[in-house]
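Just below sit the structures, each encoded as structure tokens.
Across the two complexes that follow, chain A remains constant while its partner is chain B and subsequently chain C.
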Partner chain A sequence: MRTPFSDVPRTTLTAFYWAFILYLLLPLTLMMAMSFKDANFVAFPIGEWTFDWYVKVMQDKQFLEACLYSIMIAAAATLAATTLGVWIAMLIVADGIRGQIVLFALACLPAVVPGMISAISLRIFISTIDMPTGTAAIILGHTVHAVPFVVVMALTRLRSMPGNLVDAARDLGADSIVAFFRVTLPYLRPALGGGMIFCVLLSIDDFVRTFFLGGYRPTLPMLIFAKVQGGMSPEINAMATLVLVVTAAVGLYAEYFTRRARTR
Partner chain B sequence: MVSSNTTAGFGTVRDTTVPKYSTGIAKVVNSALYRYTLGAAVESRIGRILLLAGVPLIWLIMLHVGPIYQMLKISLLSHYPVQPGRESHFTLENYAIFFRESIYFTPLIRSFIFATAATALTLVVVYPVAYYVAKIVRPEGRSKALLLLLVPFWAGELIRTFSVIMLLANRGALNVLLREIGLIDRPIPMLYTSFSLGFGLVYLICLYMLLPLYSAIEKIPSPLLDAAADLGAGPLTRFRRIVLPLSRDGIVSGCCLVFLTCIGVFATPMLLGGPNTVLFPETISGFFHGASDKWPVGAAFALIMLVTALIAAAIFMRLVGGRKRRAI
Partner chain C sequence: MEPVVQFDDVTKSFGSYVAVENLNLSIEAGKFVTLLGPSGCGKSTSLRMLGGFETPTSGRILLNGKDVTRVPPNKRNVNIVFQDYALFPHMTVAKNIAFGLELKGLDNDKIHRRVLELLELVQLQDYAKRLPAELSGGQRQRVALMRALAPDPDVLLLDEPLSALDAKLRQQMQIELKAIQEKTGKTFMFVTHDQEEALTMSDTIVVMNKGRIEQMGDPNTLYGRPGSVFVANFIGETNLLRSAVLGMESGVAALNWNGVTIKADPGGLSPKVGEHLYVVLRPEAIHCSADEPATGNRIKGKIRQRVFKGNHTSMMVEVGDGALLNTLVHPSEIAQLEGEDVWVGWKIETATVIPDRHAHN
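Then we have the complex of A and B:
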């Protein structure tokens, strides 16, 4: 295959790609390596290696509680965002609905508004409806953040769906609700599986919304942020490494899941 | 599966001609409770429309538009939350403060400079990478090459920012390496400067640029490039006349995404920046965590930032985008 760069050695681009990969992975690798340092301060070279920080983190009650709290919030926000996102997508693709572009723009609005402003507007919003900061407010914020992504993923899948599938179900006596649950939803499932995992990652990673909407119970990013501001210690590295490994594994699984669904 | 107690009270076998399904959905649909409520609603046109549009419209208006509207409203008030014994009236004072005091003006300008620079730098760095994956890697290997680029993306904003500290700190990897080689005697202070903030921003957002660029470049038909080459166009001409114009959509959406993300980044400047690199989000945040009476000012500032960021993105789209793109 000929490319515009074919006169420039192709190896230059290959080398650039690998240099970029190195740039992406180097800080994370250093961060992970530092979690094995056998000293209570962060500095290179690492010198003595130890596993103690992991033992300490796994016994840290605050960390474990923050993990559970983050997972709980992520699960609730994902469930809510998936339901609402699919519902909005169904409305956008429905026949005879006017103003689809307006609806789509409205659905995407939270994804366009910068994170910080979204967080502040939500903080103001919950205070105007007398909602206290805390768990419910965080879940609400994370749901608003995730809905646009679900809408886009569901829309992409819905547009590739043959229209006569639903027609056939209707001819065989299913009403609209039954047709949705037995035909449309199963058709959407592969897209939603990946989308839901993406929502979970969005929620677990989110810092700015939690910062403004949260109460005194820290989520994982809040805990790490507080510890980083409190002073460096390899303990934070061990914590971050654990979180990184788990989220990367979940992300890889999502990638595998969506790819398998696509090829099927 | 649906538990039997939802249907038990009404009796499941109402009509012997109804075929027996084994699925949970069928049990629900054949229950009287469903037939007289949702089942009846969905029979009529209005019922169907309400069921389809009700919840989505309420959600979109309440939670996608509502917060922005409330922010706009509060930015025009003199006091919020209203304390007893105090009157709140409409005013433009909150906006005027921004233009009067340069300590507020500077962070916004700085935010824009950092976001623009980071966007431009990201575009220049990521374009060759996207091109490499989309056109040079063989199709079988593409998803693997892409996956390798996505791995750091799962680390999350905070952990990626934290890992940059490991590289740039006074006793971080870079300084120690430079000292080992003998290039420097004492560590160069890199952390808490514009450099570390810029480095962190680019590190944080470069993947948002990759995917739009990749999908745009991948769509360029290779025969087009071959034809141009046969007609005597050199590599630079082919890049300038074919690849660049045809990947324009990817450039526009990638740059807008990166720019808007950069403007709204909050944790990164707090961890990597210093006293001389205070960005606008941090300024705004101060109004919400200090005395609560400053909320209207914070809301006004947030709106100023939102509007200027969207205008900047729109101008960029207009300049570079050229033709109109379909929204859906």
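Then we have the complex of A and C:
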């Protein structure tokens, strides 16, 4: 029977949903708004509006260097994670290999281990093998973190691959290496495209691992963190807004890319 | 002439399961050979062994006289048309066909000409730049065929390539496949469980059962003179009359089938009195008539079922002690209806006799 109360769960859910959206978007909107404020401190009222902070950020050598450094690390980590991830995914679907479930579980582990624990253990690990902190260590840390995402995405695609595509390539004269590069890899491309963008975002976003493994050169999150320590200013808001817009755009594109690949 | 393909006492087992047992088979160049049998009879495994995707447990496989038993698939000159075509989804039709040619190291000019020539053979010139996903089932089938033919293999292997098509298209493709085989003069080794496909296209049919060859021969022989109960049942519709030998008279055996005395030519067999035999009688070999016919065998029976099937009528005629004969007549040939009496008759030479193997055990 329909009572005034039967709509309550749905109404409540909708209310919670909007509360959630508000909670998610309000801080971001505030942050963006403050980046246009023509004054030195972050507080209401905004009063005068300006683009000066953006101009300042774009001329900030430290910021640009940190951007470049972050991008470089992201690129290296993505390349390494993709290579490793595809390899592991191929091993998991290959015939006649034992312990595939164990392999899969191990490959996925870095995605669920808390960032702090992972960071500390990696730090202990690199000092045990006498590896200095810095670029290489950061790339290692980011790679380990990104591998599970590549594995899962590559695996999903591989499982949908007709088994005899590789057989057909072999039959037509390709050895296993040629078959991999000319048939398997192109087949994986849509999944890898999405996976790689995800790796880049993970790497650019990472703070904890970078903090424990990094040297003196700051990545983007570390630079922003250091700046925040010196007090909030609309300049930081401008920086953060730039990062937010770029990563959101890339993320949405990745989502569109994988969605299109899945429906194709 | 030396055979193109030779299976030399080939056995393949997976664990304790024997998929192919002591297979001996030679295939002559330019023939359309079909491996026919129910699923699990070892026909696909044999094909995959020839393709290089399975290694025989024992025995040898020769290709043009050369031992290829352990040669990997990319190093032997045979190509497969896979059951679901296995076209590379990210490559255009032309790229798919060129794949094997590129790996052979041909120059671009030659590849281009060969691809065009093959596309013309199946009238797909206008589809060169399409992706496989943009083709119909029949078109994909043709592309897969041309891709496998492109590198000019010694033998073309076809693994149930028509099973994914609907009935009408399948019949059309059967004719087209046979035409392409004749035009190119290639040796085709075709695997199917569909006896009609095998009869339509093959020069030679190899009937397989439980990993062994049951019988091998041209379609006419297999249909007309099946060598075993399995073959008789598997190919076409048939009446299998299990009969006891009453005696021999001038080369013709008199047999008792369900209380009816029939005559049959025992062929190479020399049956003893009391022994059981099977008489294989095709439905279309039986004549039905209102009056007593003059054929060597004639029995009076009753029509139990009469089914109109368009170009023919199928009748079940009860004779003797309730035994049924499946007959096939022209719709206008006989007016009698269900429940009415009818004469059935057949010439002695139209029936084949096969021994009842179980009786000897």
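Just so we're on the same page, the second predicted complex is superposed on the first by the 245 of 264 C-alpha atoms of A that agree within 3 Å, B and C clash if a C-alpha of one lies under 4 Å from a C-alpha of the other, contacts with A are read in each partner's own complex, and residues count from 1 in each chain.
We adopt the following convention: contacts are C-beta pairs under 8 Å (C-beta built on N, C-alpha and C of every residue); 3 or more make two chains touch, one makes a residue touch a chain.
For clarity, every value in this text was computed on a predicted model and none was experimentally measured.
Once the two complexes are laid over each other on the shared chain, residue contacts for A:Phe225 go to chain B alone; chain C is not touched. By the touch criterion defined above, A:Val178 reaches both chain B and chain C.
Looking at the shared chain after the overlay, A:Ala169 reaches chain C, while chain B stays out of its contact range. Once chain A of one complex is fitted onto chain A of the other, the partner contacts of A:Arg259 are limited to chain B, with no touch recorded for chain C.
Looking at the shared chain after the overlay, A:Ile71 reaches neither chain B nor chain C. Judged by the touch definition given at the top, the superposed model places A:Leu79 against neither chain B nor chain C. By the touch criterion defined above, A:Pro186 lies against chain C but remains apart from chain B after alignment on the C-alpha atoms of chain A. Between chain B and chain C, it is B that contacts the larger number of residues in chain A. Look at A:Leu242: by the touch rule set out above, it reaches neither chain B nor chain C.
The interface of chain A with chain B overlaps its interface with chain C at residues 175, 178, 182. Residues 23, 25, 29, 38-39, 42-43, 48, 51-53, 55-57, 59-61, 63-68, 70-71, 74, 81, 125-126, 128-129, 131-133, 135-136, 143, 145, 147-160, 162-167, 169, 171-173, 176-177, 203, 206, 222, 225-226, 229, 234-236, 238-239, 242-243, 260-261, 263-267, 271, 281, 284-285, 288, 295, 298-299, 302, 305-306, 309-310, 327-328 of chain B are the ones touching chain A in the complex. On the side of chain A, the complex with chain C involves touching residues 162, 164-165, 167-175, 178, 182-183, 186-187, 189, 264.
Touching chain B in their complex are the following residues of chain A: 1-8, 10, 13-14, 16-17, 20-21, 23-28, 30-31, 34, 42-45, 84, 87-88, 90-92, 94, 97, 100-101, 103-107, 109-110, 112-125, 127-128, 140, 144, 147, 155, 175-178, 181-182, 201, 204-205, 207-208, 211-212, 221, 224-225, 228-229, 232, 236-237, 240, 243-244, 247-248, 250-252, 255, 259.
The touching residues of chain C, when paired with chain A in their complex, are 51-53, 72-74, 78-80, 82-84, 86-91, 99-100, 103-104, 133, 147-148, 151.
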